[in-house]
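Presented below are the structures under discussion, each in the form of structure tokens.
Okay, so chain A shows up in both of these, paired with chain B first and chain C after.
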Partner chain A sequence: MKLRKDEVVWLLIFIAPAICLFFLFFILPILFLFVTSFTNWDGIGAEFVGLENYSKLLNKKSFIRAITNNLYWCVTAALITVPLALIVALLLAHRSRGWKVFRTVLFIPQVVSSAAIAMLWAAMFNAEYGLVNFLLEIIGFSDFEKYNWLGNVRTANAALIGFSLCYVGYFMVIMLAKTAGISDDYYDAANIDGATQFQKDVYITAPLIKSTFFLCIILAVIFNLRQFEYVYLMTAGGPANKTQVLVVYIWNELSVQRLGRGNAAGVIMICIGAALLLILRKLLKSETYN
Partner chain B sequence: MKRDLSINFYSIFKWVILISFVLYAVFPFLWLILASLKTNAELLDDPFALPEVFQFKNYADAMEAAGLGQLIINSLVISTSATFLNILFSSMCAFAIARHTFWGKNVLFLMITAGILVPLNALIIPYFAIINFLNLYDTRLGLILVYCAVGLPVSTFILTEFFKSIPKEIEEASFLDGCNFVSRYFKIMLPLAIPGLATAGTFQFILCWNEFIYAMLLTSSTEIRTIQFGISYFTNQFFSDYVGMFAAVVISILPSITVFILFQERVITGLTAGSVKG
Partner chain C sequence: MIKSILKFFSVTFISISFTIISTVASAEITINWPSIWVGKDSKTTVIRELVDEFNAANAGAIKVVIEEQTDYDIYAQKLTAQISTGDLPDVFTVGADLLDILHRSGKAMDLAPHVGSDSHWNNVYPENALQSNMMEGQLTALPYELFVTPVTYNKKLLKAAGYDEFPTTYDEFFKMCEAVTATGKVCTSQMTGKNAWTSMLWFSQAVASAGGPNVYERGLDDPAWAQAFEVMEKMYMYTTSDAIGADAGVSGGHFLNERTAVFMNGPWFIARYTSDGIPGLHANIGVAPAPMLTGGKGAPGGYVGGRQSSLAAGKQSDPAKEEAVVKFLKWLTTPENVARLSYSSGAMFIVKADLPADMDRLFIEMNEQKGNAPYVAPTFLNGIASLPIAKEFPQALSALAIGDVTPEGAVEMLKDAE
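Right, the complex of A and B next:
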């Protein structure tokens, strides 16, 4: 729509709040992050130290562990959670009776806060009263009595990853919505050819929602890169830094006032995010338009 | 005959998978509610048995012990104001972008929506510094501004797409009738965009209510603190009132589940409209 001259002012007034907020909480912090990552800023004074923060971080075992753990979260989400979500979405795509109930119920963990989920699952894994040990005992694994899943170096990461499967519902809903747009003609043709339901799912529905499947992988990677609450509340990065992730690492730097160092870790995190996005786009784009 | 059998196997497989995922997603919550109604001794004795008497007083105790009443009020005030401001600002911006042509419009839209992809948790230290610089540390306004900004990319994206889908003729007619810019927005577009506003608003409210890291980062006193940060008080390792913790968690998750159940169609359409295109 063409604007009258006097309306240009109004247009500026309308976009001003969004631009101000965006500048204040997106652009400014990112610039600030980059600039201070080259200093030894501790909240009071700051001196330029070049790449010292970066070299210190990259030589630190616990920081490398945080990066690999983050990647570990991303890879499991992409290779386990999203494919499982695809299976559930394919099954619900039949739209047999009660599919909406399943959709709603499976989505519930997504609308509950991460802090509450973290506390709930920490209780599930608790050695004294947790339900996980109790159920294992019922089905006959008696060695798990009083076993501390989150406190043990060997099982802490596996337990964290295991519970994160409860987020299958989110990706499932996205893929399920895509199946609604598939024309019935495909299925009619398949019926005439005598295809079974399984064949229809695998050879018709799955290929047609491929692009959404890839989108879900990208989303899963982004979410898992920035996750904080689960690790912070369930293990605080322990035992022995075994479950450390980047945001918890940054938080710890903040709490000892090594702000420059923490920001260098933030820069590395943003770069990893950008690199992952670029790699995924490249990998998945060539797939999508095949 | 053989074919019938295979159909049956497949549908058995289907129901087994679906029901096991539902159990995985929901069973912990059911246990949470059950455990919140026991005594601590009953919980340690047998985590799964029904309590002898339902201990509804756990809820009253938890409210008392952690001062949850105040925290709920704080969360409600902060979430509703942040949602209101977020929807106001992002709908104004979306109206300008979707219904007008001006220099730099596409760049503006791309830049704001690219914000969805920024891992914002990497920026906690700059946020801390900015809020301190603005003298907003430990104030409700500080959190409201941050929440409003964090949700801006998603809301602007959803609302721009929605405004674009409203037929141009309606606005052109009002333009000829002499409606100016502001009244076109308030009198014509906003009433037509109510479904879109509801979608974006539901998202934003759930985001604000559930937010944890900025609440922990930017507040310190109990008068300001939100409920999500408040319940983490129960994770203190010397704290042994487990049933109180369960009750507090139940209280903290009820509002977002209620909002979701009420607006679930909106949440699901918004989620898919927002993500399938992006």
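Right, the complex of A and C next:
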């Protein structure tokens, strides 16, 4: 459809505020981030240092560890959290007795402050008085007496990511909402054909919410790429930088006034995010969720 | 008609009254103070009293408003950001690690002209205390709180382990830790969370013991650093299972609840032995200088300490507000008020104050030992004078504690952070 000239003018007038705000609060800061990433800006003064910030970052083990940990978070979200949310959504889509209670319970972590949840889990994982060790001891795992889950290299990441499964409820609700829009005709036809509930879930419901499932994967990857509060509050990237993630790394750089290097890390993070999205769009065939 | 006229005059009167009230109210100068001396801090009560008394004495003219900052680390990060943006609070406390950047920012109030304008600060500060704090002729912060960090130990727990005196060498110290462990208690409180404060103090003692009080001048290539990390490696063999990742609340909590026998912190913690410790804890506490490394360059009785926090103010464009801020800073630095703060909290201050004779026993012992100390070396955080290295310390320490790196490797981590 071709727009008339006056329609174009009105169109521009209406989208101008959004574009201005987008430019002011998104494009401009990214440009600023990019420019200052080539300087040794410390909040007071800045000198051009070329690619020094980037080369230093990419030669730092802790920074590479932060990137791999972030990818670990993203892969876990895409391969465990979202599929788990799909399974729960399919089960709750049956609208069995008490499904609303389950839906609410699973969604509760989403409405509670993540900082509060992180502190709660840090206390639960505490080696001296934590509930996790207490329960393990009760069921006979005495080896775990005073085991420091968040202070041990082997378990710190697993403990962090494990508790992030609490957030399965968010993706579950999105997919559950999509199932509500599926026409009953499909299920009636399947009933006539004698399909079991499992067959209906697998061959009707799941394919029809595929686009939402893919959307959830993309959201989960984005959320986990910018993971901050749980890591910062529960381990601060430790022990020995083993649980370090990009945003905590950037935060640390900024807090020691190495703003230029922190911004370089930010630019790298944006590039990784963009690359991940492009890969996901290719893998998930963008037309299915567009 | 009369009713309408009355209504009109009533409304006019009320409006004028409100205008006058708001004008008078706006004449009051408000000073914002994001204070870390709140909540569980031992100085909370007296600081609140001092602010209330100041506000009462200056009612209608000046009002100090405390913005509670309950997390020291978050406060430091917030202040760092404020220094960069130039949006400094009216009054604030600043750690030694941020003094340089505060000065370079040019956003802090220069207090040098006010020092010269009357005799208050020249009278209350020891000679050269202010001069040594000046940078390029400017005084951007008033030195305020001092500290020393001796070992505090639980005499009852040590006695149960067969020790009446605190060991003077690390060899003896670790033997003592074996004995304490055998009694079912844990020897030391340690932590790697946040800035690893308690462990950082132990590390500072060990570094000074190995390399002498001037070790910081020789840089991280000095073997003293690896020796100090060796001490810390052993120290973590005799600590609680939650030390890796623990914060100050956790590590302090173990000592307050008699789960650990030895703890290191500043004098500001003295009041908490009574307020938060188990009953009778304060009476059981002894104070001693940290042990020495055999063959180290440190001297027996050497202490670690330094400047804890300085008072500073944001640059003001309004001369009246600047005067108000200076007035409040003078109020905080009167000998009487400093003595009150010191008496209630156990904290030490650089301002000359006549302390009461019945000061806390632990405070007196710390003061005496400090007076007899051959040196007071800086803490690692202050001595190293590098925010990135200080930030990396907890990670290097935790890497060492979990066996991920050797003591030399931990030093390399610090070097790599710069």
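Note that the second predicted complex is superposed on the first by the 262 of 290 C-alpha atoms of A that agree within 3 Å, B and C clash if a C-alpha of one lies under 4 Å from a C-alpha of the other, contacts with A are read in each partner's own complex, and residues count from 1 in each chain.
FYI, contacts are C-beta pairs under 8 Å (C-beta built on N, C-alpha and C of every residue); 3 or more make two chains touch, one makes a residue touch a chain.
This is a predicted model, so every value here is computed, not measured.
Of the two partner chains, chain B and chain C are each touched by A:Leu259.
Among chain B and chain C, the chain that touches a larger number of residues in chain A is B.
Look at A:Glu128: by the touch rule set out above, it reaches both chain B and chain C. Judged by the touch definition given at the top, the superposed model places A:Leu165 against chain B, while chain C stays out of reach.
Of the two partner chains, neither chain B nor chain C is touched by A:Phe48. Within the superposed three-chain model, A:Tyr203 lies out of touch with both chain B and chain C [touch as defined at top].
Legend: residue contacts after superposition of the two complexes on their common chain; A:Lys146 is shown touching chain C, with no touch to chain B. Once the two complexes are overlaid on the shared chain, A:Lys60 sits against chain C while remaining clear of chain B.
Once both structures are placed on chain A, chain A residues 128, 254, 259 are touched by chain B and, in the other complex, by chain C.
In the complex of the two chains, the chain B residues touching chain A come out as 3, 6-7, 10-11, 14, 17-18, 21-22, 24-26, 28-29, 31-32, 35, 43-44, 46-48, 88-90, 92-93, 95-97, 99-102, 108, 111-112, 115, 117-130, 145-146, 148-150, 152, 156, 168, 171-172, 175, 180-182, 185, 206, 209-213, 217, 228-229, 231-232, 234-235, 242, 245-246, 249, 252-253, 256-257, 259-261, 264, 267-269, 271-272, 275-276, 278. Interface residues of chain A facing chain C in the complex, by the touch rule stated above, are 42-45, 60, 62, 126-128, 146-148, 150-153, 234-242, 252, 254-259.
Residue ranges on chain C touching chain A, taken from their complex, read 77, 80-81, 83-85, 101, 104-105, 192-194, 240-245, 250, 254, 259, 387-388, 390-391, 394-396, 398-399, 401-402, 404-405, 416. Chain contact summary for the complex, chain A toward chain B: residues 1-3, 7-8, 10-11, 14-15, 17-19, 21-22, 24-26, 28-30, 32-33, 36, 84, 87-88, 91-92, 94, 102-109, 111-116, 119-124, 128-131, 134, 165-166, 168-169, 173-174, 177-178, 196-198, 212, 215, 219, 222, 225-226, 228-229, 233, 246-247, 250-251, 253-254, 259, 262-263, 265-267, 269-270, 273, 277.
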